[in-house]
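Okay, so here's the structure we're looking at.
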């Protein structure tokens, strides 16, 4: 159990010598036996489990390419990020056609990392949203006694029925609830809006007492505040808080590269603010970013750029929280 | 008079059996003799009357295709829409090259529907903005004694001179004022801004006492409130209120598929809020959505998606107003 | 065995009344108990078995949409196609995440059709190339005693190892050879060129005596003649000839919507000529068209249009061969 | 009769002083009373008469912009074009919404030019194909006694019924035949192929004895030779030969900016060769280029570039024929 | 010194006769000896000095083309702009490959204009940001005794080291500070945010006491107010205030045509508001707009449209400030 | 003299262990002191010397990325390429803004390589066409006594005047002729056609006796044969033959990613055939590929793919000529 399926990415930036002024110079490959970094990230490059055609499997690769355009200094907070240690564990090796096998490998790799690096924050870069169910199960494997709470930023509930679809990208939250890994009332979903969840799914969510916070409600107090409040509530009940950021929570005009994004969604400003707050909360040790499909992005890669920015905001919060910046 | 030129769309979604969880399962073709639905929609697929090249004639078709992505539940309002009865009357059959004939058919079809279904809300999906003049004339034909007020959400005044251009898309409001169908001071235009109306048009509008509410002014009280206020004023003077939504009122970054949209325009959030308010007002029984050109839309169809969302907001307001949800 | 998983497309053209002057008016849904049509087509909408991200699963749908632009008259041959009876059996219902199950359903549906309609030509619209292995196995199920020969128009050998990849789109020919369904020397591949088959695959092909005809060799006698010659050879040895057209055989400048197409490939003129010859040969009763990904097509849909044209050429040949035109 | 509706383009290249090394320096505005140039061109910027949405009305403008990239020397023929005098008469002023009026203006302008400049070759840049009927009628107005023959390079017959569609772009040849302006057997159509003419149109063409030369037939002798042969035949019967080049005759992969272009069409090499031959024939004094829609062109404007090249080939032939180069 | 390298644009709109209702009818070429206009604009069409590939050299041309869509009336302020006199001095003639020579020409032309028209507001349309250093040096040449203050709206500091890069687009502010033309604490940069300035640049900025106002800080009081405050501070210390608008200050979703724009940037609403305030301040006599690359713009030209709108807002402010509207 | 400015690419594929079945596994970095490889390639990533905006500087990077899709086996020739040793010397380090300095570095690096590896074939990947002049001068530096002949595949003569433009991409052949490095009658240009060379350039070429072979002339005997004949002629007169492939020689429909490509150009089939012949000729030891701008390429990268294919054909010829395959 907990086999490590992580492999190096298929290409690298040529390592430069001087100071790590840009992210690709700062993030280092995770090396065996080097002690615990502050943050480990890894890719879960699968999207053939997506109901619709998706190239989200290519996001980990594009995410790392875009790094090169990001400096290691947060100017808003006047904060140098480089004292914080981020390690890149590579990507989970996927099976070409066996989706269940691929999902198992994500789960095992996540179990492995959470066991080996219990003090380290863990960040998974998807892939489609099916990966979240795998990751959470992997963590549960490592910490079977802990109660897990989920903060989900999403336009959708993702509680479609795996009995019908198998472990597809529309089902992760239901997989976890029906599988007894997480309780419905330990799931907070912020970002719901409009007409993108069919009636039976809403019935399920109500029945399982999923905490639905619409974007309209969150905006009343401010999205960052709403997020903090949700973490407050979760931390009263759960020893482990897992945050899943389905990038389709963003408005379609700001995230054209997320096929399921919609009109009426969250702005990047709101999401960036929320992620810095999330980063500051030491209760949050697991986070993922999913469903960004670089093949659908605009010509100027605005969505991938927003994806990296979002991650940087989480890291900034982390650095601030850790006092390392 | 009032001949019915409406024809079935050229293609259909395969009717599914179960519950109407998505819009394409919920909206039904208008059948003869079935009593009055709550809302009838029909398409006016013409854009060869547009001054610039336009594919807005294709919008009714794309609007119906996109339906399939929209659920019949409004999560913001926790509201099931399905008790409300929406019927699709199809599209007005257009002449290929005779624009006047096509316009006449829109007018007649609108006269027919407003006469046959006097209690039903009527929604026209354009087509370019020339269709509005036809629709209003059709309603006037049915209710010759009524005073008609117009609430126009638009970046432009659309009062160019039909003597010069014929019944083109820049002229509908002037056609109606000069034709004695509507009085200038019964026209409220909300959304005007910037540099998109030439000096002679502004002179005309001032002379005719068109109520120009700039976007800047509307934002001071909030666009939904400004819209409500305009309806209040109109309902004091007019027995019939017609709302025309020129989608070019939206900012160009949110509506790339509307060729005449501009920088500095309304946000989708503002428009969606306004449309729910409009829907709630029972005084409003006629509405159109015009000038959305799907051939210009972005690769992810963000404008068509916003168009359907906008319509859904009107319907949501309607359902709330009717107490049917 | 041989369960019928075929379902109606989700969408259809509004049936018009008059004469079938365009393809969408001519092709009829396959109805139970109507006797044998001249040709049955069905879709196999799967591409999550593709090694790279692919939207080829959407091709059957787009193929049927594009029909509407094609007349039922071949002007080159001065031939009316309408006396020939083409029936549309719909699409095989796919499982969302279980690729093996989906493959089994294609196989069973193909077994069903080939058993129910033994005199009818059968045409499968993919989907990725993994579907070919399923279809051929389904035919073998119906005719276990028959020797099957394959004529493959392809840039690739598609003999990658299923032991490594599972039943992915790079493996169908190897699945069939290693599975004992087809013998290597009963496979003719026409269209190979350039640098798109790695050394181990060529070794395998040589070992199994696959008949590799490079595009350069085929051009020496003309592609249509080369195709006829291959069918001559196959018909000496095989009772059943299955033709698989991987659209990536086309040059990338003529088929941008086939992700695996390459420079140096076949021209549409060559392919169209070959397909008319293939259609004329009554020995050929099974054909598929695979790997066309409409999501990658150019703005003017040139690849989908070429795909329909290619199919029409096969049908034209068929009509000529049958004397029905 | 024959009013001159020609107006200067809205936009022009800053005239440079030196030698006319590029086309925009060489072509001069047509000035009153300057004698007869060798060639006059003018634009007919209408496409709202097109059955499908079309931006072909923008082609005259884009055509003139692209001039700047073309030198005044034909390297293949080692020929300096500048001794030949080309004048630009501007564009016919169109009515915004009255299509009949616009058509009348094209007809009158063409009558005007053909009467004023009887020795000059006249070249119309469309616009959609409806303009051809206007131009030919205008010439007939000037030369009522002459028999007019038409050489049409086209994928379509363009004999749809004006009784049904009005004077739309699918109807010009039928307008002329039914209107008694041209006889069916004086129309040669070269370039027909595939599945793009419905059965009733072919019946009409056969009944009227239109000379249909399929692309396949033309290729047997070479397209330039086929074109020459058609002109030979026409010149036996007709005093005036009008050539209409519907750019949709080109293969879709070479002319993505012509919405009606198809797979299996003519190559640019064939068209360019044919146009040089046409240019050489002094019997041909009238030519048009229609149906190129710059709004659909590829990012690198390959179709507009091909359009200018095609025109240059006609001019080259003209220069060679005139002995002026 | 101060040679005038300005040349007419390579094309122009056909001058219409009537009233100047649109910008292209209103802005006139700068003529020798006509007295001082209220505003002169000129283009600096260079971008080969850009670190990354850039087509910003094409912006002056596209800027003038887009003029035609803008009316000369500001509806928000109910203000007729035409009494204000705007002259177009054309573009600085660039050397094809000698970047230093091109930069010198910009400097000299700017010196020439500022000397010849000391009362006139001067507006440079770039080109990349290297042009700002040239322009400021040119003004310094004319007014060697004056202290120059810079208000920079930018996502970047643009203080990379010219010793390493030469006079590239990342260096202008450093060129001016190190060259003694401007003092660091007379530079206000508003719009900085996120992760787009590497640590050594921030160290340099702090050392030179550049006034860094992050977008977050500016938003606390409102961007227009923050801009006014910066001008207040600058006008206490500097006799000349130069405003440079790097269009990359805009959020990437609103300015896809600015390659260096980023997520988290300024909205067009904020920028438009700021520019009207800037226009009102008579202390500001020099302004530039740089780094907009039309070749990267979206299909609907949203960035070029925003660029013209931004300039119009500055002009509106100017008209209001001058009392001429 | 002859300083080595070559640096590793900024990016590399993760080296895999097994056999070199794909090009990225086969081509090795050039290591000091390893003896002479069969072929060395290096990048000259400059395009700010281009007259028009160009991203050809990015081609070396994209060329290496695309390698991964190419196998090391030529199926047409049934030839394993791996025994042939190809080394990658990296890219010449460019100055950001000093074009002359950058050109000098290319020259020096080319001098260095040609001196250090006199037996090795040298292949430069541009960059724009200005790089050719640098490379040839570098070779001349190493072999001052040798006569150099040039075979140029190009749509243009590239003899614009450096006195006017500096060392821009339109001038390399003239730089070499006027600089006395190469004689005009030792330059063969194959691929000229149409209207893309202005009259003064043709006069210059005739005066200098450049051997102009139009594409039309080359096609009479076949492009590969024409190329062989030119090499025959050159080898009679010159000890060194340098081949420069301006990718704009290709037809625009096959090379949209070459901004200067035109209608009427060479097909990829012709170019690929020619390059294999060139590769076979041991007299040719220097070759470059220039002017491919990946930022202009189509969505499916058809031009970059053609660029790699073209290079592979040269290598194939080389392997055949060397007897190493």
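Letters are used for the chains, namely A, B, C, D, E and F, taken in the order the chains are written, and counting of residues starts over at 1 for each.
In this section, a residue touches a chain if its C-beta (ideal position, glycine included) is under 8 Å from a C-beta of that chain, and two chains touch if they have at least 3 such contacts.
For clarity, every value in this text was computed on a predicted model and none was experimentally measured.
Shared contact partners of chain A and chain E, listed by label: B, F. When the CA atoms of chain A are superposed on those of chain F, the rotation angle is 180 degrees to the nearest 5.
In a homomeric contact, the two copies may use the same or different surfaces; for chain C and chain F, under half of the interface residue numbers are shared, pointing to different surfaces. Each chain's centre was taken as the mean of its CA atoms, and the one lying most distant from chain D is A. Mean C-alpha position of chain C lies 59 Å from that of chain E. With centres taken as mean Cα positions, chain C sits 46 Å from chain B. Chain E and chain F have centres, each the mean of its CA atoms, that are 41 Å apart. Among the residues of chain D, those touching two or more other chains are numbered 253, 298. If you draw each protein chain as a dot and join the dots that touch, the picture is not a line, a loop, a star, or fully joined; it has some other shape.
By the definition given earlier, chain contacts exist for A-B, A-C, A-E, A-F, B-C, B-D, B-E, C-D, C-F, D-E, D-F, E-F.
Chain E makes touch with chain F in their complex at residues 47-49, 51, 53-55, 57-58, 95-99, 130, 164-168, 295. Listing the residues of chain B that touch chain C in their complex gives 8-14. On the chain A side of its complex with chain E, the touching residues are 19, 21-23, 69-76, 80, 82, 253-254, 268-269, 272, 298-300, 302, 305-306, 309, 312. Looking at the complex, you find that chain B touches chain E at residues 192-200, 202, 212, 214-216, 251-253, 256, 259, 261-264, 296, 298.
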